[in-house]
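There are two complexes below, and they share subunit A, which is joined by subunit B in the first and by subunit C in the second.
For the complex of A and B:
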């Protein structure tokens, strides 16, 4: 019926909410599976992928585009997995990676810092100061990551359909809210929503295949018509063009694929 | 003449040369703007007098080029060239090699009296028609013919900008100027060697279709890659009566974006027909649509949008008939006002009611979102419309139609006058030995007076870019000579290479010029190198006139990169890639030097 993304800070009980929602709705619960899928699909060591998608890009990363490549692989794996619907995803930046898909319910679970610190102290058996500094550092890293890659602050509530503060509300309340929201008409998988999801998955797959040739490559897909945008025509290498041509035959669902350069990027580009 | 030591002025001149060369290579600003920069900064630095700075604008060379361009435009307007092509093709028969030889010779002769790019643009429609009619792949024809247009520029002294410039550059040295046909034997030698290269080695150096094989096989390939076939055909669809009841409004542009299917006409109740409906027009219930697209796309559209695909054309049978409308390929011509703009900006749909279907550029076909692509010279745009509308667009002049549009907006009745004035100019040059610019301007004026073309058309035809490139670089040449920089560099180079035979020196000059012309344009190379090589030749006891001539000729040795105007222009229609020029152009460029030196040796006995 729907795709539910649950964004959460560490030790905010988001994972529990996600698992319980999936359990109640009979959905598949995804998080680490995406990393495994990406690592498997693109033959990258899991550890490298985890590091790339967790830490904010350094100056060197920004220049080399290495991080963007890993994110493209991750996004390709994620869109491939969630295409089937009935998914609860509580991993990295789902609300941003699945932007533009109508039947995605974007949820953010937050908790008080004191509660989070307490949770971490209990789980990791560390001191309060250690736990606090780790959580703050982690939050900072997340913020830097989304700001540098998507220009969005994860704490901006406008990015989500539903923000639930787990304090007065219990985990069980949160699960109720999410399940009820997921059943709303707006999050039903219509034919149009399904097409948009498929287009996003196609675009992500094409981008992942090309990002090794040019880290700045941008892709859109509408009704199976894929457009690959390259900023500088001189940097459009023959290899990239040949690869694009072969992708048209390799990837099912691609109706037409072209490389455009020197044009303004459309807003839905990935 | 022993040069003085290096002084401040010489260093400044060299700095300006380096600046010009640097800007030519990096292309931060356009080459003609670089030339104007030189024109202005040299007098400011007191390297030339203000009068010398602008002397280029009144030079024999610049006036001659203006006149040559106007004469070329006059020949173009009368359709004289197209008339010549017909008999040439008949004469050549059906063999691709003979067709290449015949058209190459023809374009070389024409190009010797007009700008190379002008000749290339003039011949393009005819060549594409021949390619289609004879089923010879266009890529097999355009490159040899384009190269012949460049080589043809060496047949007379007015054939190319470097040669037109040559006599002006010789003036400071008080050397005897060259006559109009002094270079003809050398130019002919170069043209023949170029054509021979393609006849003998064409199969190895020219790009071919996907299948290797004999010319008959290539013909089939040509058919397969026919652009018009790749983009589809016309189909008729009908929207159901409840089409708009249960869906978001579907617009013309939605169908184009989603299915790459172009709506070229719709019916409008009660019984109107609208051709090329605006992109934001909403598709209504119970209307018929005439669409253009690939079979698979049209079927996908019909299925997804629940429209009825008709077996054949019904409502639009008459409108889509061959006599009423059609699909043409139009190339963005050199100096066209639409180059640098997007299809969205020029809005052909609303202005001319023609529908752009696809764009062909450097071997790639673009179907999706072509409205956002910035058009370049040489892009081939595939258009669909009624012949009447296409003719209007043709008349506007920014596009070169390669598929014939029935009525050409031309003045064929003026062909005799055009020919007569060209002949008059030639007689004045050859018989009465009057200065080149005066003779050519007489011919140009004659064409205007006899209404071959109007004076406004004549003004519009002048390529100001070329004019200012020439005029702006001339003071740089003057400064190089006047300050003794040319002599200093010449002696330094000669001291470095030691004593060489004149023929070896000429060969070195030829290679040097060929390299320069690739990066800093033929005019830039000529202006900078002529003062230099004249000094070198004087110091090495070689003939300075011949050294200058080598520069003027070798400045046309520009085949390896698609930077030459003709190569850039033929790249789109010929579906060439840069590597194609590297391969074929490499061979022609290498052969150019020995043929040129050999012919100079035979004709002038150096």
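For the complex of A and C:
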């Protein structure tokens, strides 16, 4: 019926909300599964992938494009998993990675810093100062990560359909809000929404296959017709062209695949 | 007697939602209509109050002192209405000064930016990108306004209980969510939360009455006891404290006044304990 992404800071009770929403709606709850899937699909050690998607890109990462490759692998795994619908995803930047898909309900769960610190102290058995500094560091890292890769601030409410503050609200209230919103007509999987999701999954898969050849590669897909964009024509190597050609046969669902270089990028490009 | 405060990035959007929510709940709507009454009470043109709510700080912040005075009047007038309960308040920046009261539900409604940019582009015959830049500038200006006026960033979601974006969720659904949320036991007034509201009402009244003579004062009330903070030169410290005590002591509801004078001439006068 719908895909629900739940964005959360650490110790904000977002995980509990996600699990309870999945439980109530009978949906599958995804988080770490995406890392395992990406690690399996692209043969990357799980620990390396976790580090790459957790820490904000360093200057070196930005130049080498290493981080972008890991994000492409992660996105490819995520879109592959959520294609089936009836999913609650509470992990890395779901609202940004699944941008453009109409039946995605984007939720953010926030909690007061004092409550988060208390939760972490209790769970990790550490001092208040340690807990506070870890949470603030984690928040800063997330902010830097999203800003550097997507130019968006995860604290910007405009990125979500619903932001729920679990202070006056209980977890159960938050679950009610999310379940009710998920049942709205706008978040039903229509034929068109399903097609868009499949196109995004295809584009993500193609990008993940090509990002090793050129970290700046951009991909878009409509009705199975894939366009690969390379900003600098000089970087369009023979190897990349050959790989693009072979992808047409390798990936099911690709009707046609073309490489464009030096042209302006369409807005829905990934 | 819950109180619902609706804030929005676009006045008209917030107003429509607040009107509908008040209608379905059978609550009173407290909006900018009360500005006329406030203006009359303090002998001001109503337009000055509207301007204080809408205009961002000027480059040199010359108008800052006056704006804070007008905002103190608005705060007093709004809180007076909100204490009655069963109200939906919108357009009076109440989300920035009605803090710490558990029976107040604070909701922020975000309009559909894409649609707004499209409408603006068509209206002014400009490109959608330029329209988006204009909207972004407008958002930043209002963000600066809230920081300057109440030292709070109104775009920060942690100042609200719920933020609803109208990009996908339509306004009828948003009203339904507000209606259902208002019925949660958490938003039923309790003795303590009613006291908190009364304290806010009293502190805002004192602030509004003293502001003209003592700009920059900070007022906190606790069951009739007032703590007022102000800045003064060392030599006029006692005189100022005495004058404040005398004036504040005459206000109905005030039982005891404590004045703290901050002895630092370069420090700008703190504004409000909120």
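By definition in this document, the second predicted complex is superposed on the first by the 270 of 270 C-alpha atoms of A that agree within 3 Å, B and C clash if a C-alpha of one lies under 4 Å from a C-alpha of the other, contacts with A are read in each partner's own complex, and residues count from 1 in each chain.
Here is the rule we use: contacts are C-beta pairs under 8 Å (C-beta built on N, C-alpha and C of every residue); 3 or more make two chains touch, one makes a residue touch a chain.
The structure presented is a predicted model; accordingly, all values stated were derived computationally and were not measured.
Once the two complexes are overlaid through subunit A, subunit B and subunit C fit side by side, free of any clash as defined at the top of the document.
Of the two partner chains placed around the shared chain by superposition, neither subunit B nor subunit C is touched by A:268. Look at A:115: by the touch rule set out above, it reaches neither subunit B nor subunit C. Contacts of A:225 after superposition: subunit B is touched, whereas subunit C is not reached.
Contacts of A:162 after superposition on the shared chain: subunit C is touched, whereas subunit B is not. After overlaying the two complexes on the shared chain, residue contacts for A:255 are found with subunit B alone; subunit C is out of touch. Counting the residues of subunit A that each partner touches, subunit B and subunit C differ, and the larger count belongs to C.
The gap separating subunit B from subunit C at its narrowest, counted between C-alpha atoms of the superposed chains, is 18 angstrom.
Within the complex formed with subunit A, the residues of subunit B that make contact are 257-260, 296-297, 300, 304, 342, 364, 366-369, 372-374, 577, 579. Here subunit A touches subunit C in the complex through residues 102, 105, 108, 110, 112, 155-158, 160-165, 167-169, 173, 177, 180-181, 184, 186-187, going by the rule given at the top. Touching subunit B in their complex are the following residues of subunit A: 222-223, 225, 227, 238, 241, 255-256, 258-260, 262-264. Interface residues of subunit C facing subunit A in the complex, by the touch rule stated above, are 102, 105, 108, 110, 113, 155-158, 160-165, 167-170, 173, 177, 181, 184, 186-187.
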